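The same chain A turns up in both complexes below, where it pairs with chain B and then with chain C.
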Partner chain A sequence: MTEESPEEEYVNKKGGFNLRVIYDRIIGKLSDPSFHKTAIWSTGSIILALVVAAVVMVMTGYNVGLAFLTLLWGAITQFDRVLFFGTPLIFTGLSVALAFKCGLFNIGPEGQLYMGAMAAAIVGYMFSLPIVIHQLTALLFGAFAGFLYGLLPGILKAYRGTHEVVTTMMMSYSALLFTAWLVAYPLKDTTQTLDRTPEILATAELPKLLGPFLNLSLIIAILAVIGVDYLINRTVLGYEMRAVGQNPTAAETAGVNPKKNIALALGIAGALAGLGGSGEILGYHHLFQDNWSTGLGWDGITVAVLGNNNPWGVLAGAIFFGALRAGGIQMQRIAGVPLEMVRVIQGLIVLFVAAPRAIDWLSKRGVDYAIWLKRDRVPALVHLCTSGIAGASAIICLTVFGSFSTMMEAGVVGSGGSVTLLLFLTSLISIYALIELLMRKPRGLILLVFAAIEWLLISAMGYVARSMVIVGQSLVFGVVMLLMVVLVVKVFPETPVDSGGDN
Partner chain B sequence: MQTGDPMLELLGWLLKATLQMATPLVLTALGGMFSERTGVVNIGLEGMMLVGAFSAVAGTYYSGSPWLGLIIAVLAGGALAGAHAIVCVKFKGNHIVSGTGIILFGMGSTTLGLQVVWGKQGLSDSVERIPEVVIPQIQGVPMLGTAFGSLSPLIYYMFIITVLSWYVLYRTPFGLRIRAAGEDPSTLDAAGVSVEWTRVIGVIISGCLAGLGGAYLSIGFENAFGKGMTAGKGFIALAALIFGNWTPIGCFLAGIFFGFVTGLQFVIPILAPGLVTLTNLVKIIPYALVIVALAGIRRSIPPKGIAIPYEKEKKA
Partner chain C sequence: MNILYGFLSKDTGRIIIKGEEVELHSPQDAIIRGVGMVHQHFKLIPPLTVTENVILGLEPVLRRARAEKLTGAKQLSSLLPIDFKGAADRIQKIAEENGMQIDPKTKIQDLSVGLQQRVEIIKTLYRNADILILDEPTSVLTPQEVDDLFLTLERFKESGRTIILITHKLREPMALADRISVLRDGELVGTVNKEDTSPEALAKMMVGRPVVFRVEKSPATPGDVVLSVDNLTVRNKRGVMAVKGINLEVRAGEIFGIAGVEGNGQTELIESIAGLIKPVGGRILLNGRDITGVNPREVREAGISHIPEDRHKRGLVLGFTIVENSTLGRHYKSPFATGPANQLIDLSQADHLADRLVDTYSIKVGDIHNLASTLSGGNQQKVIVARELAANPKLILAAQPTRGLDVGATEYIHNVLVSMRDAGAAILLVSAELDEVLSMSDRIGVIFDGQIIAVKHPSDTTAQELGLLMAGHNAGYSAEEAVA
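Right, the complex of A and B next:
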């Protein structure tokens, strides 16, 4: 994806290991325009996802401000946990990223992680070996189990053309069931009621770094980032993999064997995920329990996508997700927002990252608007206020809708069904109107009229229900909206909108 | 169980289990077909099924009618597919990445919904199921009685939708547009039909059908929503779609085959009660057979324009 910039090549030729070269290389990477683009896309997606998540929270009746504050607070104050949660994601993220470089989408790192973890746990408690050798053997076996588990779909893809998305996923579900069976019967620690293996021997445990969470697997993870970066960008194998990923037929014509590369890429991807699983078991859990991973493989996909499949991007993405998880736990405890919210945010991020053009499009709209605001101040300001009203209407509708639905559930309000539905509709129309207004299309004004009519309807309903608060609020909204529309159309007939450009 | 030959009874049960397991797979695979024939890869089927299954239960819970729940499930699946369509068609994003986002969103939002609606972690309250179609005349017949005596109406819909899909795809102008959008979008464009809209509609149909498949799981087969209850069925449906070579009849047959394989796990414990300790291993069989089946077929041919965003030629 990200090509090496010319200046970086130049720096490499000079070679040598001094600070100046490393500094130049980092600066070269940072001033690379493609890096800027990726950074903007990733940040934009995160912001957009958080905005949508805020809307979801408002609709389900949670306190958005408190939720985000605790999320942020939890992420900042518990740095060791952030890194601890991020460590396995570095491995699974690298796994997905490496496969992607070869044009393969490995969506089964969860299964490879389970197999690696299982292998490491078995070596950890069944064999007794001296201290350093024991850890190394366990890690090696974990990586090897993951390698084999990734190699099989790789071979199937290379030689039979079997779609790797389906096979890695199927193998992932199989691995979960298989390890569940292993810990339930043959390997079960019979002194325990839970399905788990006996604890690993002390010689196999990875040393802790700081506090109870961080352990040596973080260092291994960072080494893995460097290793994968080297493998992809500086070795023949990595070069061939990228060639196959970009165009298999062209690579084959140039004398690269795509089959070998495809199989190996998925194998190495599996090994990375397996290593991540073994690190978790040897470093923290110290035994294999059924269902111990909470979707680390899925998080790895998000991390890789967010990091644009670049090893260093994966590192950044993994730390970000560690922060999201550490903060999410805090958010669950204090603001009462379930941890699943983090998964929702994650899905949204991936969805937005998939469409970089959406971010481009939005930023282009924003710049257009700013230019317009500078050129003709008065009409633009009036237009901006109209958009603001649409936005405010959407937000208030959603908030009221959220509190209404929770009230209905609690039985405070008996029959608010029609009002709730109306509120929901109004919010949808307001959002749509806002989007159209931001694009400066006349349709936005028409939609706004509809929203105003709905507000008036709501106020009528409020009158029937004898709730003066609802009547007052919605009347004001409806009337102000209509006035704004009239103002835009009548006073500044030239404002809408043909200057908005196409697309 | 009724009296009669136990072997025949068992066959009847197997037939019923096959139909039950195949229904969500066939519906979802047909949905995937509509999306992929227009040229949009849809690996988000799993997420759309989950959302369908959840909203079916939530809709039934709030409205009290499973039929309304079913409609809500179809709409919810379609809405989620709409997001996929916007990302893939309008913003020309990566189809597979977007699909993964859909899956993650589906998993997260449904478990979140469990907590918001019922305040529970793993399983929702039970709701009313869609009433089964009972045929009293057939119930006395040995094998057929067990198999067809009382089935969910969605199973019959599955047959109807298969035939309908075939008819729509091959016998209507709309079907021709769908196929053209996937095979040769520039020709479709030259004929004056919007490639983008055709694709958007195809993707939304796929979400509706996947939502229906998910709804069958939660209010047709079971009567509650469980966390992650689709358990990879969206991916198996995707495999059925590939196995069935992107045709309606192929999807149907492949779905029935995978349904049969999944149904086997209910029959094996009856045949060999000593295997209780191997339950988890028996559950692996369908997943493994999906891989074997996919690896065993000749390279199947996807639509030509799949996963390639269509860039309209600029006017000179």
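Right, the complex of A and C next:
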């Protein structure tokens, strides 16, 4: 999804005049190797996350195909919801990304979002103003509340050296608790049992765009993306912020005040998050309820990471997360996979994006194998098959292990304890063997022998339990594995390890 | 050199050490084969002692062999106590054998730079290195310390060790080396024996054309006093008094050179004039206007340009493009900023400037939109010099303007500074290289321990005399006498 981002960037930047220049710039940007790297990392992380999520689903006994199909279908058919779920993430993602451009890690968009939402809700229900003005005032107050709540840690960082990760995170929790107290006592709607404010006046509501969910805050979010991009790249303030983020001492030497920029960057980051919170309240919730956001701010950090802290990347990342959310609801309804699986996928994506070495490693191994295949085809092919069988063994083991343990829980299988344990062990050994084989270490073959022996053991157990399916399957695996090992050792004894390099 | 030491991996080619072709994946591989390296920027940990630094990565565990026999695992031995005493004794022995004095128990942060370098050398000897790589070893030393180092290296040579000396100063290979290889742009230009060559011939090989060593300049025609520093006192970052009452005057059309060993207050002097550190006492006047303690932007507005001593730390934003770097410091002013209240950046004006600077200063760049980090050190420095001089300053603070640059780039920057002087700018030049100060300056102040202990005219003095003054001998001058 992130691949499209720079295209949009320049189209929007230049507004349409001088097509030739725009075209050249897009091509230049698209052929930039650093952009390729980012795109590969982002998409690679998403794919890897989906693969791991598939394994988890298989283990826990869900229909993976159906789950992904409904996820995709849900995302495509309910595009308004996708955008609706993505909107607040655009704001919080931008908040993190902007602060990052100034070398700051804003962990607190959640708190800034709450403060902004609270301010907007108060303006929304306490004051009676004419339409348009009311909405604008509420949004402005929301942004301002977020600004102040971001400025405070910014000032602490700039002038007292307090680390912003600690203060923003701590202040996030303070904001959650503070607003919870506000809605529980002074601002509580006493006609309700739940802790929440009264509903905002109709004049403060943001108009809906499409369907019951999508509202004007999406437009504001997209304007914010353009605005942040412009701020970062085209204004003196953005230039100074980037200079401070890249090299504060050089910026200082050149007459830029790093302290002012640090404080201001966190302030603007807070304002963006606050604006996001106000948009949610004015556009959809229409009142402030205790703990309403369920982690929109935290997800913003993830979105910024996925979007590589580029405003257009953030937009793409937020929409992708919105799609996961919208599709996830569909997935839960039809395939019965709990919505938490979406959280698992999100978490895995961050894990893989934050650990690009995993993807680097895999691609390096892939290139390595390709070279080997080209040089001497047959041994490489045999070796590749060996790795393949290790991988297959690991996946099958995990699958069977998963269904076995669910069956045991359900009481279908009475005494499968030892088999389950064995299966789990085999899967672990197979994974280890796979890694070693991919690195072309001879240890992988020894591990594979172990795995084969375990398969044979499982087949013996299956015979005892009179389950011919288990016997057949595991026998095939065990024998094939042993054959492969013998083949590699006997026929192609000189397994080249030299060009493998270090991992 | 980093490839030879295993920091980087080679793409193609072969490395043969002692007749054996080797693959070096890490410094560990190089160390095992007897290669030791002393880096230009020392790889020492200041709060640790000499012993701790030397044994780092090779900690002698008490009875390691027995422990390994017992547990059968190498990893476990890292939990056992370290044999500090034995290590310290060995370090002492190595130092004495090679005529170096060092106390293994002192902390690195308490040692002078010259002694720290010895620790680095001992570190390689402790690892039984017989191939010693020295990367720009003299850049931080006084002339006397350089002589000591060379004596030590001569000794190594006699004891049969191989020394590879990397340097950009011509004097050093001529004094020390037997064979000299010249590299230019990643290619070997040639290898010559010392007997068959001369500094001039080497310089020609390095630059590709004949080089004039003496900076060609006409006598200075000093005008009015531009900068006057009056009894300035400055504390450094750690709160220690670093500048202890300096008085000096720099006139228009004059280069005032400050000679001194690094760490004697030059950095603090320059940074306090540039507005980066607030002085404790004293006054700084620019054309009679008091600019003491104002912020860096106002200092720049007043007409001072600053070529910082550390180009990566203070000079450039490496993650910025050349264009972005070339406007840094003037980015908020017209014509680079436009729009309401000068808040928008005019990209085309910045491109213009960068193009112009790249042209006039013949900076080798692929594209002005490339990151500054892609440039070579010399070209990075040229970007800084170009940017700072383009502001048309009244006073130029040039701190180590040619550090780490090759002969060609150095010559270029010298000529540019001299032409700025001739155009009427006042220049305060700080350099650790005595030759540079001697050849560039119209007057030379020697700084020692935060004070200017002597002011000399280059024609009346010699490198030997300045070297002695820099080391604090003849510190009988008082600060008042120092003002010429």
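Throughout what follows, the second predicted complex is superposed on the first by the 464 of 503 C-alpha atoms of A that agree within 3 Å, B and C clash if a C-alpha of one lies under 4 Å from a C-alpha of the other, contacts with A are read in each partner's own complex, and residues count from 1 in each chain.
We take it that contacts are C-beta pairs under 8 Å (C-beta built on N, C-alpha and C of every residue); 3 or more make two chains touch, one makes a residue touch a chain.
All values reported here derive from a predicted model rather than from experimental measurement.
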item: Which of chain B and chain C A:Leu428 touches, first, second, both or neither; value: neither
item: Chain A: partner with more touched residues, chain B or chain C; value: B
item: Partner chain(s) touched by A:Leu237 [first = chain B, second = chain C, both, neither]; value: second
item: Chain B versus chain C as contact partner of A:Ala460, first or second or both or neither; value: neither
item: Touched partner set for A:Gln346, first chain B, second chain C, both or neither; value: first
item: Partner chain(s) touched by A:Leu129 [first = chain B, second = chain C, both, neither]; value: neither
item: Contacts of A:Cys385 with chain B and chain C, given as first, second, both or neither; value: neither
item: Chain B - residues contacting chain A, complex; value: 43, 47, 83, 86-88, 91-98, 100-109, 111-112, 115-117, 231-232, 235-236, 238-239, 242, 277-281, 283-284, 287-288, 290-291, 294-296, 299
item: Footprint of chain C on chain A - complex, ascending; value: 234-237, 239-240, 242-243, 246-247, 249-257, 502
item: Touching residues (chain side chain C, partner chain A) in the complex; value: 25, 274, 276, 295-300, 306, 308, 313-320, 324, 328-329, 331-332, 337, 342-345, 347
item: Touching residues (chain side chain A, partner chain B) in the complex; value: 56, 60-61, 105, 107, 153, 156, 160-163, 165-167, 169-171, 173-174, 177-178, 180-181, 184-185, 295, 298, 301-302, 305, 338, 340-358, 361, 409
